[in-house]
């Protein structure tokens, strides 16, 4: 590996570390503009929030004593994932493992981060927190399975066929993006934190530095989630535009763009209800799978 | 009177039927009650407590009769009696019937009416706690006052001045409230501090999974002792107190109070003052409904809708400040008129603002209601059947969303509403969407009413020069607040009201919430509670209760006191 | 809920935390029996015309997340215990902004039997049970208009110096 | 179906409506009622305002030789009844709303009146300024009678009528 590539990877990892709160700041600014208000004065607002939370008093009630463990593991895992994604994109030409094993790695890490968050939520004995946790579980049941399914379908549409099918690829990639959107727990599906009925739901008992860490972790996870499909595309299409560092640049730019589109969508929608959300998700995903299979058969017969 | 109603909902036949029946009713209760004509607005019937049940039973045979309020009053210093006033309204006749029950101090046990009129439930419990009147056959437990309130101290009795009560009770800081034992269902507490409520109130939702199976409301946290305070203030200070019953619909309360005093003392309010009152009332409705829509969108998670409707609302607030001098508690009502005039320049500015608000709101609301989540969660949730709405004597948009066109502006015209034309918005779907649509229609209706009022504003004085109080007369003032009917009853005194009774719309509407909440999803609870546009500060003006300990248990209080009595003998 | 505080919050930590608060304040809205006037003005402050997010102010749903408690209402006897519970749940530095005549001086019901009559009257009680309030700002007004609330926030953040001072003049 | 997307062009058209107070002018209209201001030169200490004030934000406090008209802005409801009632027009409604302070005592403002002392029993009864005002208004009563407290005055005038008879 060249020195520039190593530098680029290092830069990419530091971007992963520093950019999510800034992206959140931009998201807040966009949200404010759609709501015809001024919004936060700088895009560093979320960083200030996190830093403030870190300097606050640490209160740990006896009922949520063990939450530090899942939180720290989850932060470690997220950082690990950031490193893996950076390495992966930087070395598209000379992968150590086959591409699908990376996809599996991403998936497993994402799911374990979510599971650790569930552990974090449920460790607080607050009723609202528990209800929130159960809501996440029922959404994740619908979502994470389809996340995996569409990940597979996206890869299938690129490789298994002798020739790549663009229509199949699009038909599987859009549901994948939806799955990423739901996974990042944006508005119609942020049911675990539903403010009106659950009073910040699953994070109601967290405070001070722990809350700061959690928020940071959540933002990082959100950004990673959006960058994973981008990374996979870059690999699948064997993108080759000169230097590896440009690949990394592409990765971050596209991820940021998707992130912004997501934030606009979440601003103009309302919050769903758990039974509605579950039904809609199942409906969307099964429709998408049926259409994909239909098109696949149609293309095979041709 | 019938013409508009016949146009609206075809109750012409009922109206005629009612008039005939009212006479029949008066005939039928001969010998049981004494009838006193209390002017054109109400009919006073004095009944002994033994005949109360029969008389009310007969009265209820008249169609569309509903309980407007019930007042308990300590009139020992005037005539030696405690008195109960049951105020019923007959919409189709624009007439109130006051059933008056005198009680002697030694015998304060009255038959309960809860089997006849469901809505009387809270009133009876409140009368028990604050006035010490017992209702036979009812399980009476502490409803309004805290549990550690001294027994035999009834704050609304004339025995205590407001300063004495302070000495009788010192609040304690309770570090930890006892948790209620849960069995097969989970109890979800909503409140007292909860983002969906914005006010300290407490709902206990019993859920199985996410389905609500039962609801218990334990409220009355915002008790500030207003009725008692009002009795210690001068006539012209009370409107300012009344306005602070509620910060959103305060003007409604002060108007209602002023109208009650004006009716009791037969003060003729100048026409211009009546118009100005109506203008401010409609402005208040406009800003209140915009506020409600905003909050409703927020509860549905559609924050952009919240921001946009509050952006539109802000123009109304600025206009309100221009016309009255304050953004919310306007402080321009006094007995006999208003304090601030509206000049030509202000009329011009108001019309401009109204035009702008109408235009912006029209474009916005179509978009907001079409958001998929908003639509899905409003339609078919929080069903309140028409029969229940009638049985509970509900008021305001809540009852109009269930297909009953009850609107005080039409039924008992006051201020300048008798001079203008408008329609009453009614929806038949009985769900949250229906109640939202009623409010949306009313916003447009309000803008139209405001235009008419500003256009027709007559010349003249804005307040009567002077007036003389005359003690011991009764007046009723009712106003259609954004949330429903507000009704104030005043018994006049020498310098200040002798008894002042406030009944806010939420007081009447809250018992409907458990019906709406049953069998719906937990997520829809906030919007359903909000769909009656609850204003707890209105409701609780005279009440307090302890959270969680208000559980029904043990011996009824009146049995206890009887046992005590026997022990003494 | 029993609470164990892990850290020892020293003066130095406090100073550091207070300086951080200048850029970001999360507020929790605590209605203690107010008439709703001030409460909707608080919401008004969050909405487009006055939008306090430009100061980094954000409304949160749980007192555990908050730095500043916006207290409205005269504190009715019934809410007293809940108010203290909510204040205790706020991690330090713990700021309070008493908004409106009710929260500042008890308004029209300062002598009623069922209200405490203003936040300043429970300061002693809070001191007794070791609930430290690091900073208080009183914002008069009935209701306190949105600009007045923003002015109060500006004083809290140290952007402005209060201009109202005690004055005694000879007639 | 996609009608909810139309909020985007509306937002784009309106832009931001935020008023940048405190860096910008507040949205105060001409008829706004803010805090009151008592003109110490005009105030005679008659107490009409303390009797009409609904929340008792204006009150009298006696401190030795002086009577203090205390205005507690933290309890004021900004109704302006005092300004309407004041016989001397000494109370002015200002547009001041920037009243926030971090100390409760800063919210008080006092107007100090000196009390006149009854020549006979030494009781302090009304403010000097009110006394002077009454002296100018009521010419027919002798001055020494006015300088007595109500109680002493009743006795004195009774004595006088009996002696003249």
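Per-chain numbering from 1; labels A, B, C and D assigned in written order.
The criterion applied here is as follows: contacts are C-beta pairs under 8 Å (C-beta built on N, C-alpha and C of every residue); 3 or more make two chains touch, one makes a residue touch a chain.
These numbers were taken from a predicted model, which means no experiment stands behind them.
K.L.:
Count the C-beta pairs in contact for B-C and for A-D, then report the pair with the higher count.
P.N.:
B-C is joined by more C-beta pairs in contact.
K.L.:
Give the label of the chain whose average Cα location is farthest from that of chain A.
P.N.:
D
K.L.:
Centroid of chain B to centroid of chain C, CA atoms only: how many Å?
P.N.:
About 31 Å separates the centre of chain B from that of chain C.
K.L.:
Would you mind pulling out the distance in Å between where the CA atoms of chain A average out and where those of chain D do?
P.N.:
Inter-chain centre distance comes to 62 Å.
K.L.:
If you average the CA atoms of chain A and of chain B, how many Å lie between those two points?
P.N.:
The answer is 49 Å.
K.L.:
Need the CA-centroid distance for the pair chain C / chain D, whole Å please.
P.N.:
Those two chain centres are 28 Å apart.
K.L.:
Can you pull out the residues of chain B that are in contact with at least two other chains?
P.N.:
195, 240-241, 244, 304, 307-308, 311, 314, 329, 371-372
K.L.:
Would you give the residues of chain A that are in contact with at least 2 other chains, written as numbers and ranges?
P.N.:
Answer for chain A, listing residues that touch two or more other chains: 32, 34-38, 195, 199, 268-269.
K.L.:
Using the touch definition from the top, which residues of chain D touch two or more other chains?
P.N.:
If we look for residues of chain D contacting two or more partner chains, we find 4, 7, 14, 16-18, 20, 27-28, 54-55, 77-78.
K.L.:
Draw the chains as dots and join the ones that touch; what shape do you get: line, ring, star, complete or other?
P.N.:
Shape = complete; every chain linked to every other.
K.L.:
Contact residues on chain B for chain A in the complex?
P.N.:
Result: residues 186, 188-190, 194-196, 210, 297-305, 307-308, 311, 371-374, 376-377, 521-527 of chain B touch chain A.
K.L.:
Hey, which residues of chain A end up touching chain C in the complex?
P.N.:
Residues of chain A touching chain C: 28, 32, 35-41, 45, 48-49, 51-52, 55-63, 65, 195, 199-200, 203-208, 211.
K.L.:
Where on chain C does chain D make contact in their complex?
P.N.:
Checking each residue of chain C against chain D gives 48-51, 54, 101, 104-108, 110-111, 118, 120, 135-142, 145, 147-148, 150-152, 154-156, 159-160, 162-171.
K.L.:
With touch defined as at the start, can you tell me which chain C residues reach chain A in the complex?
P.N.:
1-7, 9, 13, 16-17, 20-21, 23-24, 26, 47-48, 51, 53-56, 58, 60-62, 64-65, 67, 89, 91-93
K.L.:
For chain D, which residues count as touching chain B in their complex?
P.N.:
Of all residues in chain D, those touching chain B are 3-4, 6-7, 10, 14, 17, 27-33, 52, 54-55, 77-81, 84.
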